[in-house]
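Next, two complexes with chain A in common: one pairs it with chain B, the other with chain C.
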Partner chain A sequence: MIRKAHTFLSFRSTSWSARRLQAWLSVASVALLLLLFAIGALWAAGQPIVTALTLRNLPPSAAYWFGTDWLGRDMLIRTLQGLQLSLQVGLAAGIMSAAIATLLGVLAASGKWADRVVSWLIDLFLSMPHLVLLILISFILGGGVQGVLFGVALTHWPSLARVIRAETLQLRQAEFIQVSRRMGNNWLWIGWHHMLPHLLPQLLVGTLLIIPHAILHEAGVTFLGMGLSAQQPAIGIILAESMRYLSTGMWWLALFPGLSLLIIVRCFDRLGHTLQRWTDPHRARN
Partner chain B sequence: MLLEARDVSFRYDRREDWLLQRANLRIEAGEIVGLTGPSGIGKSTLARLLAGYRKPQQGEVRLAGKPLPSSGYQPVQLVLQHPEKAVNPRWRIRRILREGWQVDAELRHMLGIAEQWLDRWPNELSGGELQRICVARALGPGTQFLLADEMTTMLDAVTQAQIWNAVCEIAEARRMGMLVISHDAHLLGRLCNRIVDIDTI
Partner chain C sequence: MHVYRRMGLLLAICLFLAIAGGCSNARDKGADQQSKDELVLAIGGEPDEGFDPTTGWGRYGSPLFQSTLFKRDQELKLVSDLATGYEISEDGLRWTVTLREDVVFSDGAPLTADDVRYTFEQTAQSGSTIDLSNLNRVEAQDSYTVAFHLVEPQSSFLHMLAAIGIVPAHAHDENYARNPIGSGPYKLVQWDRGQQLIAEVNPNYYGKAPQFKKLVFLFLSEDAAFAAAQAGQVHIAAIPSAFSKQQITGMRLESLRSVDNRGIMFPYVPAVGETEEGFPIGNDVTADTAIRKAINVALDREALVDGILEGHGTPAYTLNDGLPWFQEQAVIEDGRPEEARRMLSEAGWTDEDENGVLEKGALEARFRLLYPAGDVTRESLALAAADMIRPIGIDIEVEGMSWEDIRKQMHANAVLLGWGSHDPQEMAAVYGSAYRGVDFFNPGYYSNAAVDGYMRDAQYATSEEEANDYWKLAQWDGTTGLSAKGDAPWAWLVNVNHLYVVREELDIGEQPIHPHGHGWPVTANIEEWQWR
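Entry: the complex of A and B
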């Protein structure tokens, strides 16, 4: 009996450590990519974008890794600067979105009427296509960084809000929370000591998973011309411009910036999902 | 000191039938009352009402003639059947024991709580070990009534005996009143001054 229990335990711990190694590798590779990007972005930020008409339309080479465009600008520098801007807007919008989600989620769990109002809002926002609403909000706010930022932030909160609401509702009914009330602790204390540690992993994962959406939508709206202005080195602008030159055979204008965007977005997605598996209470043990 | 349910009626949903209707129960200080009856007819619900987890739709719960306090450490403490649900899985045992009051070494010793458990997580203790923690936590100096809802049903006979011995000793020393809900007629017969059937109240 004891032996049996022992082998069971050791089996569990090996499979667990294998999974942990996998998670570590995944996080390490993502971190490496993001670090590489950060160094690149830092380098690119110091580089002026020079218009050199003698170097127009060059395909990728050792000197110009991503080629040059119709004005002779180095596409690598433009892409890195564009990604940096997209990332900043995406991160800011994602964090704002998560803040809205937390506020509304907790509010919904606090009372019957608040729950009705918030649930109705969530359903309303979920029933509309993201992009349409995003374009609308961005347009109303006059476009630009501000328009896109608020547009993305105001459209990406509902699914996380729903998770936070459900978690909080469940926690309020949990026996250990009720016992804590009977031990003389007030809701504020319980919220901080009991609930927040349970919500934090959900929040972190939720925020990380919003960010890739936010980046893509920022790029998408900009691509459609409703987002960041044409003077800014946004990735959406680069992609939109490259469309005009694709038919003339300048494939590198779209391929490299598009691929870079995809990799960055995947990095965040991967990070979020790894963290999600990590914080799953059934698998993780602190 | 008297804990009483006066004509309490309760249902979980307005569309449902009454689970409890005009139920009355009195527990004196120092008295151990057994509550028995078939499953699903409101024994646990009555205990929850008495401990203030829920408010009855009709009637009232009174402690020494007054309503239960709305804040602060509750003089009526309830210990439930599943200890693993009654503790925060992300807290260490030491912190759990400290939540309501500073559980002293004497009580820990009486309940057989070992020193090395204190730095563990709840999922590293067995059900019996964890239930001792929950009992200790509920036995603060402010506790005047202890309600035990199938408190030791899931535990083995030795653990059961040890926990009940300790609890009864403390109850007697402090003149604490107790309500013991159980299906185990033998256990109720050993522990209680009187046994009440839920159908008769």
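Entry: the complex of A and C
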């Protein structure tokens, strides 16, 4: 019996440290990739995108890593600038979305009627396909950066809002909150000193997990022609353009930008999930 | 055991490949095996409004289902079609046209002067893209004689008579655009919106009977049309220049010359105010003649043709390159950035702050160039032109937007527009003072009294030759004109060749210089198409 417990414990501890190492490695690799991207983006931001009609349709080479497009523009610069723009829009929209989610989540936990209204809103938004709603909102706001930003921000909050709402409801019933209340602290004080520290990890993880969605949806809407305008170096634009040239054999126009987008999105996804594992005591134990 | 399994796998793969190969062979034969009387076309251009000439159908090409009073031959000369002849009164205000008496519509009813009167009255009322504002009234003098009474003399009115297909007065209702009845070489059998159109030869057609009994028009995207051509499913397909480098076995590339031009329209006046709808008018930078002329001189049009159109086009210098009223003296020597810089510095433009953009007082040489988003050719031209101009110190900010947004901003910003018609009247609409700010005509508010005078003289001319001389003078008379040598209200860039991949065995006759619109114009001489 003792031996059994011992092996069980040791097994747990090695697995725990291995997992810990794995997590560290994954975070390190993600950080490295993001750092690489940041350096690349910084370099690309200073480079103008110019047409060079004599350098059209070049496949990837040492001089043009990602090749050139039908106007002779360097695809590496375009891709990096596009990713940067997509990332900015994604980050901004993700943060806005998280803000909306927090506001509504806390509001829902504050009263019966507010809860009904917010829950109904959450159900309403969850029952509609993201992309359709996103296109509608973006279209109403006249497209462009503003349209996509608000479109993404206004469609990605419901899941997080639900989590925040449940968490807040649970916290309200917690003993230390009740005690604090009896000691005469008002809700605002309790919210700031007791609830926020508890909600913060959820919020951080939630925001990080919204960002990849936001980036992909921004690219998706732009790809469909409802998002950023065509002269902006957005990744969705680049991918939409590449469609026309795929049948003529210019594979590099789609492959590298698409792959880069995938990597960046995966990075954020990974970051979010790792963080989730670390902050969530339930999951960390399993 | 392993060996057997592997051989089995190999066998399976071979079998699969054989079947797949067989299938693709069978598919390749698709279009061949159809009867020789049938032609499959993927030339795009499905009209949203349907096939009603009174609302604009057939304006740029032959209406196919209807026929016109006059038509153009290979040299773009106007020849009789439904008409047998015409007379113009002394004052140029009354045009009397006599009609053939043997023409019947595809439903068997005869085509008479009354149908012609009805068609022109309807077109004038519908407020379509065809401008009939100069037509006072139409009168059917007898069954086969029509008189057109004009407000002002208009020598180019004959072109109008070639642009409007005649519809039957007895069968023209709200469903007509979907079920057209006419006297053209073909009649419409079936139209599946967004997919295909099937036309059969009109047995009642009075002209030369076409070789093909049945035409199937597939409405495919450029990509899909090209794929269909590769698969051997179509006999002729319209393709964009990006696809022109790829060979398709059994098909040849036809690069047809056109006046389908693209150019930069400049706001001609300084920022002065607003239109009635509240849209801004004028741009202080482009209002400077030196800026417009320098851009015209600095552009390397050949490079644009080679680089963006893959060589399938011609440099454009005017609205009407190569047409009978083209002023050859209006052609400028371009691709000279040095000369452009000299012109700019002479006009007082300098780069004092050395940021690469010239200034004149407080004014910076910077303006926006708009193009309709989604149009790749215009986008590419705009981007490449802006990059060509930047070195001479003019900063052009390229921006794509919807036509609706362009309409609101086109009086105050440069726009990449395109025209190209077989009717010289277009010149008056694009450059005439009377058309300032009217629809998409003359959005830059260009006006020059001398040019207006020449165009007016051209309208009043009594013969086509005389009219053409005046149209030429309007472009450049030695001192002024609407071309880049004169006021340069536009910087024309290229004429886009219309590209088609055509079955080797299919002869599409001798094609004239095509007007604006890639697609239908190619069928204008469908009677001449045949198998070799």
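Criterion: the second predicted complex is superposed on the first by the 263 of 286 C-alpha atoms of A that agree within 3 Å, B and C clash if a C-alpha of one lies under 4 Å from a C-alpha of the other, contacts with A are read in each partner's own complex, and residues count from 1 in each chain.
Keep this in mind: a residue touches a chain if its C-beta (ideal position, glycine included) is under 8 Å from a C-beta of that chain, and two chains touch if they have at least 3 such contacts.
Nothing here was measured: the structure is a model prediction, and the numbers come from that model.
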*Give one of first, second, both or neither to describe whether A:H198 is in contact with chain B, with chain C, with both, or with none.*
first
*Report for A:R244: first if it touches chain B alone, second if chain C alone, otherwise both or neither.*
second
*asked:* A:P129 in the overlay: touching chain B, chain C, both, or neither? Say first, second, both or neither.
replied: neither
*Is A:G46 contacted by the first partner chain B, the second partner chain C, both or neither?*
neither
*Which partner does A:T54 reach: the first (chain B), the second (chain C), both, or neither?*
second
*asked:* Output check: A:A230 vs chain B and chain C. Expected answer is one of first, second, both, neither. What do you get?
replied: second
*asked:* Show me the residue ranges of chain B that touch chain A in the complex, using the header's touch definition.
replied: 51-53, 71-74, 77-78, 80, 82, 85-90, 99-100, 121, 123, 137, 140
*So in the complex, which bits of chain A are touching chain C?*
50-51, 53-54, 56, 70-72, 225, 229-231, 241, 243-245, 247-248
*In the complex with chain B, residue positions of chain A that touch it*: 174-176, 178-180, 182-186, 194, 197-198, 281, 285-286
*Write out the stretch or stretches of chain C touching chain A in their complex.*
222-223, 226-227, 240, 242-243, 245-246, 303-304, 306-308, 373-374, 376, 379-380, 383-384, 387, 398-401
